[in-house]
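Next come two complexes built around chain A: one with chain B, the other with chain C.
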Partner chain A sequence: MTNVLVCIKRVPDVSGEVLLTEDGMSVDARHVGFTVSPHEECAVELATQVADATGGSATVLTLGPSDGVEQLRSALAVGCSSGVLVEADTDRFGPADVAAAIADVVRAREAAGDSVDLVLLGNDAADTGDFQVPVRLAYALDRPVLTNISSCEVDADRVIARGDGPDGTEIFEVPLPAVVAVLEGGVTPRYPSITGRMKAKKAPIDIQTPTVEPRGSGRVRLRVPPPRSGTVEVLGQGADAAPAVVDLLVKIGVVSA
Partner chain B sequence: MTAVPQQAQVVVIGAGIVGNSVVYHLARLGWRNIVQIDKGPLPNPGGSTGHASNFIFPVDHSREITDLTLDSVRQYKDLGVFTECGGFEVARTEARMEELRRRIASALAWGIPAELVTPEQVVEKVPFLDPSVILGAFWSPTVGVVDSLRAGTLMRERAQELDALTVLANAEVTDMTVEDGRIRSVRTTKGDISTDCVVIACGVWSPKLARMAGVHIPLTPAVHQMISVGPLPQLAGTTGEISYPIVRDMDTFCYERQHGSDMEVGSYAHRPILMEPEEIPSIDQARLSPTELPFTDEDFDPQLEQALELMPELLGSADAEIRYAINGLLSLTPDGAPILGESPEVKGVWSAAAVWIKEGPGVGRLLAEWMTHGHSEIDASHSDIARFYPHQRTREHVRARTSEGFNKTYGIVHPSEQWTSDRDVRLAPMHAGEVELGAVFFETAGWERPHWYASNEPLLGEYGDAVMSRQNEWDARWWSPIINAEHLAMRERAGYVDLSAFTIFDVAGKGALDAVQHIAVGQMNVAPGRVVYTPILDERGGFRADLTIMRLAEDRFRVVTGGAHGNVDRKWFIDHLPTEGSAHVADLTSAYTTIGLWGPRARDILGSLTDADISHMGFPFSTCREVELGSLSVLASRISYVGELGWELYVPIEQGARLWELVREAGRPHGAVPVGIGVYGTTGRLEKGYRAYGAELDSERTIVEAGMMRPKVKDADFVGREAYLKQRDNAPETVLCTMTVDDHTSADGSKRYMLGGEPVLSADGAPLTDGHGHHPYVTSAGSAPSLGKHLLMAYLPPEEASVGNKLSVEYFGERYPVTVASCDATSVFDPANERIRS
Partner chain C sequence: MIIVLVEANADGLTLFSREALTFARALGDRAGHAVQAVVFDEPTDAIRQQLGEQGVALAHHPDDPRLSDYAGASWAAAAVDVVRSSAAEIVLASGTPRGNEILAHIAARLDVRMAANVVQVESTDPLVVTRQVVGGAALEDMRLDDPIAVLSVAGHACDPQAASVAMTTEVATVSPTLDERDLVTRVMQVEQTQAEDTSALTGARVVVGAGRGAGGAEGFTDLLELTELLGGALGVSRVVTSLGWRPHSEQVGQTGSRIAPDLYIPCGISGAIQHWAGCQSAKTILAINTDPEAPMVTRAHYAVIGDLHEVVPAINKELRSRRTG
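On to the complex of A and B.
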């Protein structure tokens, strides 16, 4: 029976052109809405699978504004059973602060008798890309940590995790409790069902205030890189275009003349 | 890459269903050098067409919208992109069952197959629907779905085959040039195009494009949420576009539409979520497309529960995932109707906006005909962009009315239902006095018009049963027996009516006579001081207006017309003025107010206020002149829309309150009462058989059919003369008649009173068809208190148009016997017009 805590972050759902807020300190989500990163969607899916397989529970946590409830509900709709919102101003919280706040939640739950056997996170957040929270969290909790993990399962008191390494798939086995950072690609996150969505509406969400005094991330401002230049040249239509395509493939070295 | 033409006969902006249809029909009608521009890629440039549910329910209470839909279905079928699947509108409440019965009546009136069915009959075709949730349903077998993107591509290709069209995709219009009130050129990101004709068919972006030319297209982008759920094992075996009827869950404002193994659930139930066109993301900024915005779960959650109630097993499956969910953008207008036609602000700028998939091809044809011939086969008077007055074009008005209107999309809307938002915009000068009299205000074109006065409640005792009280709540909603009491008091003594909502404009100048002669059917070469009631026709001899024109001087004519359609009429006059500038139109609507004073005591009342000769011979019918009423100089016009002796009294608007008080005080000893529009617009009018524009008269109707033919046609040429002469030489295809209802008793014993729109059938309930292939329906309905009857007007097949002919009318699923009382303009009350000419 493994109790999993999966951590997610509310981020703008950007895909095309990125807009910044007027102060240049964050991404403007006005046209795109909010989501969580694909890594975290996979982490939520793995959390649900582990909880189901072991008869344990999956709790979803986010640190951020109260609107983060929307992302918690999305995770609750696909299998998590309860949520924790650590309400905080994300801009004032750097990765070290986030890790410390999550560690506090874990310690408090364990002190109350609720074990947190496995903490799953995304490898990195989609907006800030710090790559720090999982490692710092593991350090703070004095637990083993695995990163770049695509899938994992629990076998008794150990977690067996797989990830792509330079020479193929790497398989790790570490004792629980542990921290695992997930990279997208190993599992297919599910969409919510209507019944799941309705359950999520009623699922409990524990709203907390962080105990740590944030030190911040030291962000100065964000800058959108200049657009990559590129032009589209239509080589022709139908079979008539074939010679031009062949010429081009030869020119760029894909086929030899 | 396609080169940008430097010059075009017409630039059509937008490549959604409307723009594509417009270019096709323009090409078909002979236009060449058409340039179509869209900022997005083809075939789906990212507008509302791209995410439409693409289903078509043909029955609407509006004839105009239904005709556009039926025409569109024909076109979709010709293009091979229509799949018939049938559709149910299910009712969860008894009130909705009543509405569905009313819908059956509309289906009958428009000749569209439909029937009411039981929950069990629904389940036969939709096995996954829980019959215990519903009371019954409206079955519409000709409902279908279309591939609107494919239809658009085919229409563009047809225009290209005619060598008429250049398509510029991925080109954005950035500006338009207007000179001397006419469009001159369009600037795009790929170059400039000079043209004197532009069609804005840009859906939710239309207001933004229109602003580039200084034009208003008063619509707002608004969110319509939808989700797609699947895969559903029950639908696993389906093939093709659609296999199950579409279900509209009317009471929850939702629909369920099967699509492959998915079920799409759409909603019009959530809070109105409006945007400004400028806030819509660009293609690059958008996550999916500019009109598919991020889904807001919390707005949709109540609908999930309701959808689950209706289809518990299907949608309750744990494997059925919400795979697609958007806040889709569509266009809403202040009155819910499309926005079509040439803008009244800039010549050559046409709007084809706020159009649903179900009307797209029909609108394309209508607009192309209009642009080519000046008129269209299907009447567009309720969709004409010129109908909006300046205050109705403001963002605030659009926001207020669309916020109120959004949830009416699937609502039960009474034909007389009043808006509650953005009221009290245009107030008559006597408004405060009317409020004191307990006026109940209805709105027309922003004007607050007393419909009846609570102060007249004592008249109910005076007239007793003659006020024809209504027992049924629907029949009596937005109505009061006080209207009929006011009517009787006016017929017995006198009544005075606030007519401030008239649209008034002068045609003046050296060429004024030629101008009005050219526009009006009636003889306008009359002595100054004469008042002429006249139809206004288009070239094919259809009604564009009916109004009165006073000749005030050799070179000045004052046109008075109803407020609802007055702005359109004004544009018609301006468009038909002589081009060399010898006459001009001056709008005086806000300069004058009008009070009508009518009834057998009207002369006594007016006589107590003036020394002028107002005797029958001294001030004959159909004349006007200045008279002094106390210290007011008043333009009095002896005409009547209620069939009584009396005058319309015109004064500068700031003197209106004073005139109101003068008339009121002078009327008191004679028992005169204030009378509302309930009398003026309905009871008084119907008793006299007067036709109303928008009800009996529109561009699909002719003078001959409306029974308004005069013995002679003037020699002077006028718009529509040739067509009118031809019409006179032939027997009409349909004849406007007035009927009386013989028995109002319904099956449960209560009396029912029709409100308009009902189908007229033979005495034994068989459908009737006129020479146009149309089925008769009630164009106007109302009490005739002086006759103790309820009157209905309808265009009947000529063979049914004989006085005394027995027919029936269907109302809420029951038939009532009616008798033809008049089959021309002869009125059922005072047929010899003795009262008016007394």
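On to the complex of A and C.
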């Protein structure tokens, strides 16, 4: 029975140009929706698989604004059974602060008799891309940590994990309790079923206020990089453009004349 | 002192590590710091030669059989020993999966901030770095004012350049203090799998890209032929992998691979910021798309407006006829 805590982050769902708030300190998300990183969608899927396979539970946690309930419900609809919202202003929380706040939740649960055997997170958040919350969380909890993991399963008291390394797929075996940071690519996140959606509506969400005093991220300002200078040269329309394309390939040296 | 953690393969230092060394040298010149390296791999003549070309006079080599199987924690423990003994002010590595992992361990052990994927140094006193956020669609200026600054350098943030004065690199072997607990996360086994395809993609000179416009798993025949004719690799958008048309190892973008080929030919890819994050380092981009307003088209150097299922076979035919003719 493995109890999994999976951590996700509500982020702006920008696909076109990034807009910034007037003070340049955050992404202006007023005109876009919200989502979570594909890495975290895969972490949620793995959490559900481990909970199912071991007869344990999957709890989903987010640290952020109260609207993060939307992302918690999405995870509850695909197999997590309860949620935790740590309500905080993410702009004031640096990665070490986020890790400290999650560690507090884990310790409080364990103190109350609910073991947290495996913590899954996305490898890096889609917006801040800090690449360190999982590792800092592991140090705060004094647990082993793996990052860049594509898939994992629990065998008795160990987690067996796989990830792509420089020489091939690397396999790890780590004793529980442990922290694992997940990358997209090893599992396919399931779609919510109708019963899943119904369950998600009724699933309990525990709302908490963090006690950590945030040190912040060190952000001075955000900027949008200038677009590439120069305009596009259209070589032609449809199949007729083929000779012009091959001329270009020769010109830049990827095809010999 | 700046300590750079470098990675190597059979040919010597990786391109990313040579970039990180060049980045460190520029930072060191501005801030008045010398650059030293930490080499986990056996420091071969080729590696020493490359370090020397990068102006590195001293390389530390943690020598312990327990480090031969990679573990983020144990490699970080060894690096922290070097950082402490050399009184380094800055620790730096390339923003590779291992680079970011080891640096995160180091930052947690030293209880200092870490900046991931830095592309530029804004100021050296205080140290303010510019790094990629939102997959590179935005930049963040971040202050690193702890006694030791930890940062990773984004891939292709600079070109590797030899130092004006080459050095003869001395290798100092160090015996790290390792805790058994740092070894439990070591690699137990390595399987040759799709990781190889990924390195073929990230190292390719030409990448043919395919997105939703491919239309289905069966819509790749002409694209694969073009890839073959150009001796390149196929890269795809997330839509393509999510729909199961192609494996994730071929995905380009924020949650896939970052490529930097001489030529990228995205076909039927709209150019969402998360895809752009993975292909913006391509030297030349030739977009093939039905929509002249697609961001990939407006940001490309060259474009063909049209249905990829007509354009790509025509290019293949032209390539074949010029080859035989």
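Side notes on the structure shown:
We adopt the following convention: the second predicted complex is superposed on the first by the 250 of 257 C-alpha atoms of A that agree within 3 Å, B and C clash if a C-alpha of one lies under 4 Å from a C-alpha of the other, contacts with A are read in each partner's own complex, and residues count from 1 in each chain.
Please note the rule applied: a contact is a pair of C-beta atoms (placed from the backbone, for glycine too) under 8 Å apart; a residue touches a chain by one contact, two chains touch by 3 or more.
Since this is a predicted model, take the numbers as computed values, not measurements.
Residue contacts after overlaying the shared chain place A:Gly33 against chain B, while chain C stays out of touching range. Of the two partner chains placed by the overlay, neither chain B nor chain C lies in contact with A:Pro226. When the two structures are aligned on the shared chain, A:Val234 is found in touch with chain B and with chain C. In the superposed model, A:Gly168 makes contact with chain C only, not with chain B.
Of the two partner chains, chain C is the only one touched by A:Leu249; chain B is not.
Ranked by how many residues of chain A each touches, chain B and chain C are led by C.
Contacts of A:Lys201 after superposition on the shared chain: chain B is touched, whereas chain C is not.
In the superposition on chain A, A:Ser15 makes contact with both chain B and chain C.
Within chain A, the residues touching chain B in one complex and chain C in the other are 14-17, 234.
Residue ranges on chain A touching chain B, taken from their complex, read 13-17, 19, 30-34, 70, 73-74, 190-198, 201, 234. The touching residues of chain C, counted against chain A in their complex, run 7, 9, 70, 72-73, 95, 97-98, 100-101, 103-105, 107-109, 113-117, 122, 128, 130-145, 152, 181, 184-196, 198-199, 205-206, 230, 232, 238, 241-242, 244, 248-249, 251, 254-256, 262-263, 272-274, 284, 286-287, 292, 295, 297-307, 310-311, 313-315, 317-319, 322. Contacts from chain B toward chain A in the complex involve residues 1, 229, 279, 281-287, 293-298, 301, 304-305, 307-308, 315-323.
By the touch rule above, chain A contacts chain C in their complex via residues 14-18, 20, 27, 37-39, 94-96, 124, 126-132, 134-136, 138-139, 144-148, 163-175, 183-186, 188, 217-225, 227-228, 230, 232-243, 245-246, 248-249, 252-255.
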